[in-house]
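Following this message is one structure expressed as structure tokens.
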Amino acid sequence: MKIKKALTFALATVLGISALTACSNTVSENSDNGGSTPASGGNTPAKITLTNVSYDPTRELYEAYNKAFQAHWKEKTGGEIEISQSHGGSGKQALEVANGLEADVVTLALEYDVKAVQDAGLIEDGWVSEFEKDSSPYTSTIVFLVRKGNPKNIKDWDDVVKEGVGVITPNPKTSGGARWNYLAAWAYADKKFGGDEAQIKKFIEALFKNVLVLDSGARGATNSFVQNKQGDVLLAWENEAYLSIQDYPDDYEIITPSISILAQPSVAIVDKVVDKRGTREAATEYLNYLYSDEAQRIAGQNFYRPSNPDILDEFKDTFDLNVNLVTINDFGGWDKAQETHFTDGGVFDQIYEG
Amino acid sequence: MDKTQDQSKNAKIVKWLLISISTLFIAVMLLLPLVTVIIEAFRQGFEVYLKAIADEYTVKATLLTLEATLFAVVINTVFGLFAAWTVTKFKFHGKKLLTTLIDIPVTVSPIIAGLIFVLTFGRQSFIYPLLEKADVKIVFAVPGIVLATIFVTFPFISRELIPVLEAQGTDEEEAAALMGASLPRIFTKVTFPHIKWAFLYGVVLCTARAMGEFGAVSVLSGHIRGKTNTLPLHVEILFNEFKYVPAFAVSSILVILAVIVLIIRSVVEYHGKKDG
Amino acid sequence: MKRSKRVIPGFGLSMGVTLSILGLVVVIPLASLVVFTAQMSFADIIKTITRDRILASFRVSFLTAFIASLINLVMGVILAWVLVRYKFPFKRILDGMIELPFALPTAVAGITLTSLTADTGLFGKFFGIFGVKIAYTRIGITVALVFIGIPFVVRAVQPVLEKLDASYEEAAGVLGASRSKIFFKVILPEIMPAALTGFGLAFGRCIGEYGSVVFIAGNKPFETEITPLIIMSELQEYDYPSATAIALVMLIASFVILFATNLIQARSAKILKGDS
Amino acid sequence: MYVELKNINKSFGDHKASDDVSFGIEKGKLIGLLGPSGSGKTTILRMIAGLEQQDSGDIIIDGKVVNNIPAAKREIGFVFQNYALFRYMTVFENIAFGLKVQKKDKQFIRERVGELIELIGLSGLEKRYPSQLSGGQRQRVAFARALAPNPQLLLLDEPFAAIDAKVRQELRSWLKDMIEKLGVTSIFVTHDQDEAIEVADEIIITNNGRIEQVGTPLEVYQNPQTAFTAGFFGQTAVLENYTDFHTFEKPNGAEKAFVRPEFISVTKKNEPQKFKSSAVEGTVERVAFRGNNMELSIRANGALLTAKRGLDAAEIHVGEKVDVFIYRLFVTVGEKAVLLENQSAREGSVFI
């Protein structure tokens, strides 16, 4: 009696589990139509797909670039290529790739985030020098977006920390862009106070006292400022700010501060994935082509600063090229910056907890 | 019931006061957001709306949402029926623990729901190498979305069935069993007629919730356009692309689906009451 | 418990299916969270979850969830009462809308509620006159959570109220009790176990809510930062141990809440069924 | 008259629950409202209590028209069919409820409730919840709860319906004693004739929303005035053609007849039958032992009669031919009932 019951039981369990896995198998096949199957043979496959995991503000850039690249790929190899995009907060995106999101390439907001993927064993060492300009085909910086006519008369970082100014920035803990914001402000204060850390901290503290909404991502912050009309100034990616101006030319102005930071988004091939899927060739070409004149112009048209100085020069009317830009190396690299400022108990936490 | 003029007047005042409060509450908290979605969706006219919902990615997201919903409903139906049967028709040790475990997903944060599947099937899990070998992708792929959807809607059907079956007792099943009826026969002929409406109600609720799940699916999705984007995620993406009108247009698909489901729910409930 | 022979067939089968699905979808994933956290030392866990900012987020999450559930407790009882006891136009529609929060994606709800309650929105403007800010404050979080929690209490109380024998009220009425006395002394004790169960479920759901809250919260540390958001940000810092430790606290909270509601139900069952 | 109903009408949709109902009740009496289910007896009770409002007519209690006085103010005790004990209150709290509502002081409530618990014999069970009591105990609590505020009128809706047979018997006499002792005017509703006859001082018979007859149990039993009353009591058999049975006269308009078991004498063929000439032959179809007698079902002249026979008499078997003599029967003339004696037996002794 007992044994019989146990047998039924075991049988049922096996049935249940196999039913469930059967489901998930069919599903995973579904999801992959045209995914990993091709590109394994030597001949030109009918169609290759690449997954590009990127961060929030690059949506428009890659929409345009992917079209250009598809044409380029066809011209070069005669084959079709399809690119799937994924966008989100840079840190979150890196984490998902590290956790198994199958990305052939990552194009993230900071080197630090790519490093997280590297730490998961998916990207080989030395990726920074794999492509030109430290693997950053385009750069950006941090500017202020203010309401038309600049009612609070915000000209530089000093005006942002004045009492009564409402600031919108995403949370540096969750947003790559926000870390650039924070570091840009730090760079300004560093110069102003000649490196007096206590005073710099005070300055940053005053800045975050003025923050009204601390969204988790750059796009959320822009939405709070533009859609829900919160605050007087948005600390934003340069390209985000220009996009807002493009959509609402009568409502906003861009102010470039005297000191800002050179934000270098990083791109990399996810070695483990491309090797498994046999897409290394396409992925390499995909990232390489970002440095072509055509792609550099597309970057410029989408308000990213092209890393090719000649192309950047073509956009000199768009970008304020006089801004004094510090780089992450002035902070001792990302690892150090992260360690000092953004880890739990770091300077940023001290500002709020202190 | 009270017949003194004063009292019945008071009762009337109370009645209409309560009705007004309720209506106002529902109107402000539920109806207004609904109407806002629709108004925003049509702000730039019908053409823009149509374009937004006929967009390739929107269609794909809709299909994925329906697919995940279907899986969630089927698996939860199987589970709900068996679990309700187990819990109500038999006595065994640990029944309380079992029912608590079934209920747990309702109160688990969607973020945590996503997180636990990442921990279980993601790279740092010890079964990941096995999955990789078998080339089965779970997290950041459709199976993960399906699993998250099943998780968040897990108790919806069993929760509807258990009270009804409990109230009904085990007499009829015992009578049928004594006459030698088999399990499928007992279930379909004796038990199911009692729980028909409760079951349908649970299915409807499960469908509604499965279509709208955001948090857990968001953690597990990977947000790859056209592949692992469900409708709610697609709304967020559009919103983040500053495409407000399309975002609301896509939301309106969800709203319309929700309203359809709720209408079915009302009909089901109405029939259930009539029968019951 | 008596060990009687089971007459009804299918115990092994139904128990097997129940446990395997439950195990796969709920238990193993939840266990992996515990296993993962167990890799930290106990002192580290304590240190992680007692950081000021995290304690503050617990305060925000629990406080807003509690207030929202309290509002839903009162409104839920009123709504259930109105829907069961009164006849009025559009009642069916009102009734049908209760589940909307289940069906409407939380992200859509969050975006919509934010646009309604921001300074520029319909309600934001109105309350702005009185100097009350809703969006980006704790009030905003509470509003979103009220939205999320509406169905729980209503749907728990409604069936109890429907089944409540009119003779209890008549008995109290004949004994001279006023309407309010009848409600508070006779009806309320009858529906309270169900209402508290609904409250518990709503509370559990609200603590963990993410999708709708992130849009409306403002997310300022120590002020409007909720715990699920902290988990999200810990994840984005690749700080898995912290994220899972905090998640574990939330999970335990869910268990405690469910356990408490089960206790309430057991107590009322004891009074009603008399099995002492 | 302490309670008086005058021309009460009440309809629920198409269903006429009370059709010109009028009757009066004297103070201190225990009245049984008797009728089949759906006859409108519970509606009458609920209207007296104020739980339903009559469409027309007056209800007078203690000389006051109470039409517009709400239930809560009528000072009535009501025992519900299912008792409606508050499930989340203990025995003590249940009984104290009415007194608390009247805002009596605590000391008084404690004493009064204690007194009542003593009276109903449930001392020591004050802290129990209703679910922890037996059916009979619950009924006593419901009774005590209704009596606690000292009502002048006690209404009981099917007070014994939910109790098993053994306890019911016991409770009936307990309740009758209790009400007599307290002297409170009481009305109870029942569909059980035995219960009404045994408990009530006076019976009101209802049918189809109308009052058929009012009287003491004996009067109502012996002299049914309507066709309905005649057929309602006992295991009456209906004779479509009663003249087939001998020596009954036929009044004008007479239709059918009702016969009660005690109106019938059954004799074996070999036993002496005093009125043999007026008896008819019947066949025994069923014999059932009923404790203190044998119950016989006999087919005679096409009608199925139920008769009783003492246990001492010689045994009768199924299929046996017997002589059946009917002493008397009730004949219906329209709505009325008329008692007819068998002319042969008129001179003979009568026994019931």
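Things to note:
To keep things simple, chains are lettered A, B, C and D as they appear, and every chain counts its residues starting from 1.
By definition in this document, a contact is a pair of C-beta atoms (placed from the backbone, for glycine too) under 8 Å apart; a residue touches a chain by one contact, two chains touch by 3 or more.
From a predicted model like this one, the values you see are computed outputs, not experimental measurements.
Shared contact partners of chain A and chain C are B. Between the chain pairs A-B and B-C, more C-beta pairs are in contact across B-C.
Taking the mean of the C-alpha atoms as each chain's centre, chain A and chain B sit 34 Å apart. Annotation: 15 Å between the Cα-based centres of chain B and chain C. Rounded to whole angstrom, the centroid-to-centroid distance between chain C and chain D, based on C-alpha atoms, equals 54 Å.
Rounded to whole angstrom units, the spacing between the C-alpha centres of chain A and chain D is 88.
Across the assembly, chain D contributes residues 50-51, 70-73 that each touch 2 or more other chains. The multi-chain contact residues of chain B, meaning those touching 2 or more other chains, are 1-2, 7, 75, 78, 124, 147, 239.
In chain C, the residues touching two or more other chains are 11, 13-15, 17, 21, 115, 170, 173, 232, 235.
Of all residues in chain C, only 1-2, 4, 6-11, 13-15, 17-18, 21-22, 25-30, 32-33, 36, 75, 78-79, 81-83, 86, 88, 90, 92, 94-109, 111-113, 115-116, 122-123, 146-147, 150, 159, 170, 173, 179, 201, 203-205, 207-211, 227-228, 231-232, 235, 240, 243-244, 247, 250-251, 254-255, 257-259, 262 touch chain B in the complex they form. By the touch rule above, chain A contacts chain B in their complex via residues 19-21, 23-25, 27-28, 30-32, 36, 51, 53, 56, 59-60, 84-88, 96, 98-102, 120, 217, 219-220, 222-223, 226-227, 243-244, 247. Within the complex formed with chain A, the chain B residues making contact are 67, 71, 75, 78, 118, 121-124, 128, 135-143, 146-147, 222-228, 237, 239-242, 244. The touching residues of chain A, when paired with chain C in their complex, are 4-13, 15-17, 20, 89, 91-92, 94-95, 98, 116, 119, 171, 173-174, 211-216, 220, 224, 227-230, 342-345, 349, 352-353. Chain C contributes residues 11-17, 19-21, 24, 51-53, 114-115, 118-121, 135-136, 214-215, 218-222, 225, 229, 232-233, 235-239, 242 to its touches with chain A in the complex.
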